[in-house]
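Heads up, the next two complexes both have chain A, just with different partners, chain B and then chain C.
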Partner chain A sequence: MRIGGCQLKLEQRVTLAGWEAALMSILAIVFALFLFGFVFILDDVDPLSAYQEIFSFAFANPYGLPLTINRFIFLLLCTFAFIIPFKAGLWNIGMAGQLYAGALAAFGALFAFGGKELPSPDLSPGIVIPLMLMAAALGGAGVGAIAGFLKGKYNINEIVVTMMLNFIAFWLVAYMIKEGGPFMNPGGRGESFELPSSVYAPLVMDVPFTIFLVLGIAVLLYFLFAKSKIGYQIKAHGHNPAAARYAGISTFKIPLWVFVVGGGLAGLAGYHYFAAVPGVYKIARNYGFFGDLAFYGIICGLISLGNPLAAIPVTLLFGGLSIGGRFVQGKLNMGFGLDYALLGVLMITLVAFQFFYRYKLVLSPSKGSYW
Partner chain B sequence: MQAGLLDGVQYGDTVLEARGITKRFPGVVANDHIDFEIRAGEIHAILGENGAGKTTLMNILFGLLQPDEGELYIGGKRVEFRSPLDAIDLGIGMVHQNRKLVSAHTVIENIILGRPRAGTVLNLKRAEEEVNELCERYGFKIDLRAKVWQLSEGEKQIAEILKALYRGAKVLILDEPTSALAPPQTKNLLASIQAMASDELAIVPFITHKLPIVLEISDRVTVLRRGKVTARLETQDATEESLARQMVGREVIFRVESTKVETGKRILQVENLSTRSDKGFLALKGVSFSIREGEIFGIAGISGNGQHELAEVLAGLRKAEEGQVILEGQDITHSSSLERWRMGVGYIPSERVDVGSIGDFSLVENVAMNFYFDDDFSGPGIVNYGDIRQLTEELISEYDVAAPSPDTKAKNLSGGNLQKIILARVLARKPRLVIANLPTQGLDVGATEFVRNKLVEAKEAKAGVLLISEDLDEVLSLSDRVAPIYEGKFMGIIPGDVAKLEQVGAMMAGLRLEGNIIEETGDT
Partner chain C sequence: MWEFIARSLEASTIFTVAALGELIDQRSGILNVGIEGVMLFGATFGFIAAQSTDSYLLGFLVGIAIGSLLGLLHGFFSVTLGADQVVVGMGIWIFGFGLTTYIGNPYTGPLGMERVPPIFGLSPFFYLGIVLAAVSWFTLSKTNLGLRIRSVGENPSVAEVSGINVTRTRYLCVTIGGMLGGLAGAIYSLFYNPVWNYNFLMGWGFIALALVFFSMWNPWVLLGGSLLFGTLWQLSLNPQLVLPGLLSRYIWRTIPFAVTIGVLLIISTAWFRRRWGAAKPEALGEPYVKE
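Coming up: the complex of A and B.
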């Protein structure tokens, strides 16, 4: 393309520095917000004030901020559940099923301690909460292990398996919590029995303790990929499975490992939302909504290029916008689905901008051309 | 685009000319003011080591890359290629080294693929007649109805040449035309090339090694070194030595002589070993041999005769169907590849890019492939990248790897440098048994000499070396004992100093010479 005496060319990038990727993502976000501004304009809403409402509710409002942070914790765990297999070159799109299984397992542990009985028993949080966490991780890991085992042993496509397991887990939850199910709420209502208040997750400034857990995991994963043997093996498998096999890396163990650990983290996301977020404390009737939300883990994982630390700001943004978008939709009387539309536009723009991870625009003086 | 610039060219007319072609990549000038011309009916070879800029020039001539400076002329008219389609339209055909054919389709389907004249309704019969005519004219033997995946490398190459000819190519660019061929196939191909040249086709073979072939068939040679033309001469004025000197920039020793080393105790013993290929048939059918300390055991054979499977079974990457592998007294038939690495097996795979390295990994991480599990380079659960980086730096300087830094990605290295780093990494483990599968395939003269010397050094350091090669000169000059392999069986085992080229060549083709072969099962 020519502009005046200059020629605009696309050049392939040789390297991409971390700050360049970050800059590109910020530009993409700005561009996405600009694009989405037209939606507000069509509805006769001033985009700037709408965005101000969205961001101030999501990040600066005493009611909005905890909601944002709870979404953030959930999304970050789901993102890790995607990233770990992704680094091994495998696609986990079964975070939904894994988190359902995690939630079921956590409530199963509670059930075993008599948590369903009325009046609510006085359980010891020091014992029950760690057991619920462990059960959640194991539940998610168990579902993940199916996909990992089938991939490693028989090379069965992990995308299909994880996807199908989502449906199985979804209906399993329905069976467990709806009328007649073992975990059914005594009042019916299509939800599970409630958590006894004695085992509510401890809060730190209105935020569940799971935030420390997830941030700790982020740092741990960063070191796992940067320093550890298993991290090296996962990356080698992800880049070139044949070369990994040559180097003595088991092409059975690695798929199994990443799906067990990834599934376990998704299971923790199930614990977090249904047993740690204030005001929920049960497997809610609309649990499918959280399964859908879990899919944003895929996109957040892709945008952060598989970097567990970069995933933190990305998921914080997505969490905030989903909360702020829903808020502004109600406040400004706008159409249903505004928050989804906003996340959708953001997602497409961010992915489209990844083009610039591989190419850069170069402006050079024009030279003579035959045509 | 003006097709038909080359219609009616006569013998001796200049068909393609490049003037001052320059192409820069970040940090390197791949082509530095290269001039080149070719006439109809001429075979004009372009010779250069890996990294000399051959591939870049080839891609520019075929429209895959656009030069930063310089001009291209076809039939005397200036042209600029936006894509290979322009080049094809103007009569340039290219035969890639990495075949670009649809393997599930037949040869004839591949030949007519993308050809405008084929029409909406395929007239395969007419196309077949036309292609058969070409085959007869130039002496190509190929079954047009065979599926491409069933073909040998040589046949695939013929299919590519036919495809270019059928599209009306007047200039034929051949990338390493003989690199995948056995001696008889090479002979046939060279005859076909000469037949094509006598039909006023201009032929440009790009060649890295195999200087004798250049001398045998070409009319003129252009030699590249580090992106520049270092010599352009009539072939009759050139000798193997002079070409090599221009390519490498120094004198080259052609024959690396293996030294005689006192052989010690037995390192590897293989008994009646069989295994299956990826497609499920028995590829290796009961071979037995042994390798001692300080010995190079050469396996000579054309690819696809079971030697690749043998290397993989020994490296632990393929299951043995039958038989036994014993390493220094221990049965390792069922050991994993990681256990074998730890026990002192070092495998240099023939697939440098697909198996031997990880393109997106830095050199440090690539070296880590053979060290991440080593106690000297790792702690509990942790890879000690600091130590591996230091080792990488040492290896880069010791093996003279042309890489800007240890953080360079492996995919940015040329084939020769990649092979050096793989070799360096494997030999740095001081393996007891080195399995080198086609270690010099596709390497330039300089790198080939280097790799061969390193294998001899490993042998001098009392390792046992299994050398698998298609290059008879290589096997015969390096090996202490030679086993020609044919269809999964050894045709005998001959001491290297007794083996004759013709004899081994015949055995590679399946002739089991009785009488003067010394049969061995291991105990010598």
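Coming up: the complex of A and C.
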């Protein structure tokens, strides 16, 4: 294509520098937010003021900010659950099922300590909380392990398996908390029994302690991929599983490892939302909504290109957007599902932008101009 | 009991139509993991169109049209731009899931139209499913076009050399696949369960995807598989009809998904692969770049 005396053409990228990738991701987000503006216009809402409302509620409002931070912790764990298998070239879309399993396991540990009894028992938080965390991680890891084992051993498509596990876990939660299930709330409201106040997760300046956990995991994962042997093996498997096998990397162990660790982190996300966020402290009736939210993890993982540290600002932004989206939806009388629509628009924009990760537009003075 | 069988056949029709679309995609070498998104779009827009015009025909046509557009979108990203087909498919699924939740929400509730009348006591779409399976089988294995589609899916560069237009063939297949996906969604929302609710599919599209894997890419096997899963799905919804009082109804809901994993496990064993494994299109999921 010619523009004046210059020629515009597409060139395949050989390498992608870090700053270029970052720029591309920012452009993708900005473009998606621009597209999403049309959703507001179609609903007769001024997009600029809507965005202003979203951001000021999510990041500058004393009620909104804690919600944003809690969702950020949740999304970051889900993003890690996606990133780790993604680095090995595998797709974990089973964060929802893994987090349900994590939540069930955490409440199972509590149940074993008599947490369901009324009046609520005085449990020792120093013992019960670490056990709940461990149970949550093991629960999520167990569900992840099924997908990892089937992929590693029999090469079964992990997308289908993790999705099937999502639905299995979804109905298992329903079984446990509804219609006389073992974890049913004594009030019978279709939700689980409530956490005794003695084992509420400790808060640091109104934020659950899980924030330190998740930020620590981010740093740990960064070093895992940058420095460690297993990190190298995971990346090698992601580039070319066949070549990795010839290099002596187990094509059974790596899929299993990434799904176990990823699933464990998603399980912690289940603990976080149902046992650590102030005001929840039970497996809520709308637990399916949190499973749906987990799909933001896919988007955050793709935008941050699998970099655990880059995932931090990205998930903070999307945590805020989804909280703020819900808020303006109520405030401006828009239809339900604004945060879902944002999820969809972001995803498809991101897919379109994948193209620019591989090609670039080059503007060069044309030789032998026809003009 | 008769009603149970009739309902099972209605359910299996949806699996048949959606999975046939995916099978045609995959035969040409294109993997669309976002079939659930295509179905959600077809179902939602078909529902809205039918409800606002009071015409079933228009509803189904809109469902098919939106499906073909999504098929073209998938084709544009994965054939023209050569993007990773799994990324594109996931994109279309989440796009469908997110956007239909928002768009369809004002229409939450029953369709409020008279049901499509049955033919000989069975759903008219059941016959349509059989016809579609027969047509796909005949086209894929007995005609020149089918040979071209299969060769593009097996080895696109060899196909190109022998004079087949790979791009055009693949676009044709993704468009037809999208149309069938949209139609399957519309059958769900206009006939099988004419009530709109957000994310109502709950895994139909993903089971259809799994069905293609274990159909050995053969339309007749696929038809049999969808009958099995339609029955299983219906049983999981109404276990009291067959085995009253056994297990909680929520546990029954997990069974179609658990069986899917079990069947995938069986077809992935070394024995099964040695016996049947060659059926998989060789170039499935790999973008083709013309040299």
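Remarks
By our rule, the second predicted complex is superposed on the first by the 364 of 371 C-alpha atoms of A that agree within 3 Å, B and C clash if a C-alpha of one lies under 4 Å from a C-alpha of the other, contacts with A are read in each partner's own complex, and residues count from 1 in each chain.
Note that in this section a residue touches a chain if its C-beta (ideal position, glycine included) is under 8 Å from a C-beta of that chain, and two chains touch if they have at least 3 such contacts.
Here the structure is a predicted model, which means the values were calculated and not measured.
Within the superposed three-chain model, A:45 lies out of touch with both chain B and chain C [touch as defined at top].
Once the two complexes are laid over each other on the shared chain, residue contacts for A:227 go to chain B alone; chain C is not touched. More residues of chain A are touched by C (comparison of chain B with chain C).
With both structures placed on the common chain, the touch criterion links A:203 to neither chain B nor chain C. Contacts of A:245 after superposition on the shared chain: chain B is touched, whereas chain C is not. With both structures placed on the common chain, the touch criterion links A:305 to neither chain B nor chain C.
If you check the complex, the residues on chain B that touch chain A are 26, 78-80, 82, 315, 317, 336-341, 347, 349, 351, 354-361, 365, 368-370, 372-373, 378, 381-383, 385, 412.
Chain A contributes residues 39, 91, 93, 146, 150, 154-157, 159-161, 163-168, 171-172, 174-175, 178-179, 181, 292, 295, 298-299, 302, 335-338, 340-345, 347-348, 350-352, 354-355, 358 to its touches with chain C in the complex.
Chain C makes touch with chain A in their complex at residues 33, 77, 81-84, 86-88, 90-92, 94-99, 101-103, 105-106, 198-199, 202-203, 206-207, 209-210, 213, 248, 250-251, 253-254, 257-258, 260-261, 264-265, 268-269.
Listing the residues of chain A that touch chain B in their complex gives 14, 227-230, 232-233, 235-236, 239-240, 242-250, 369-371.
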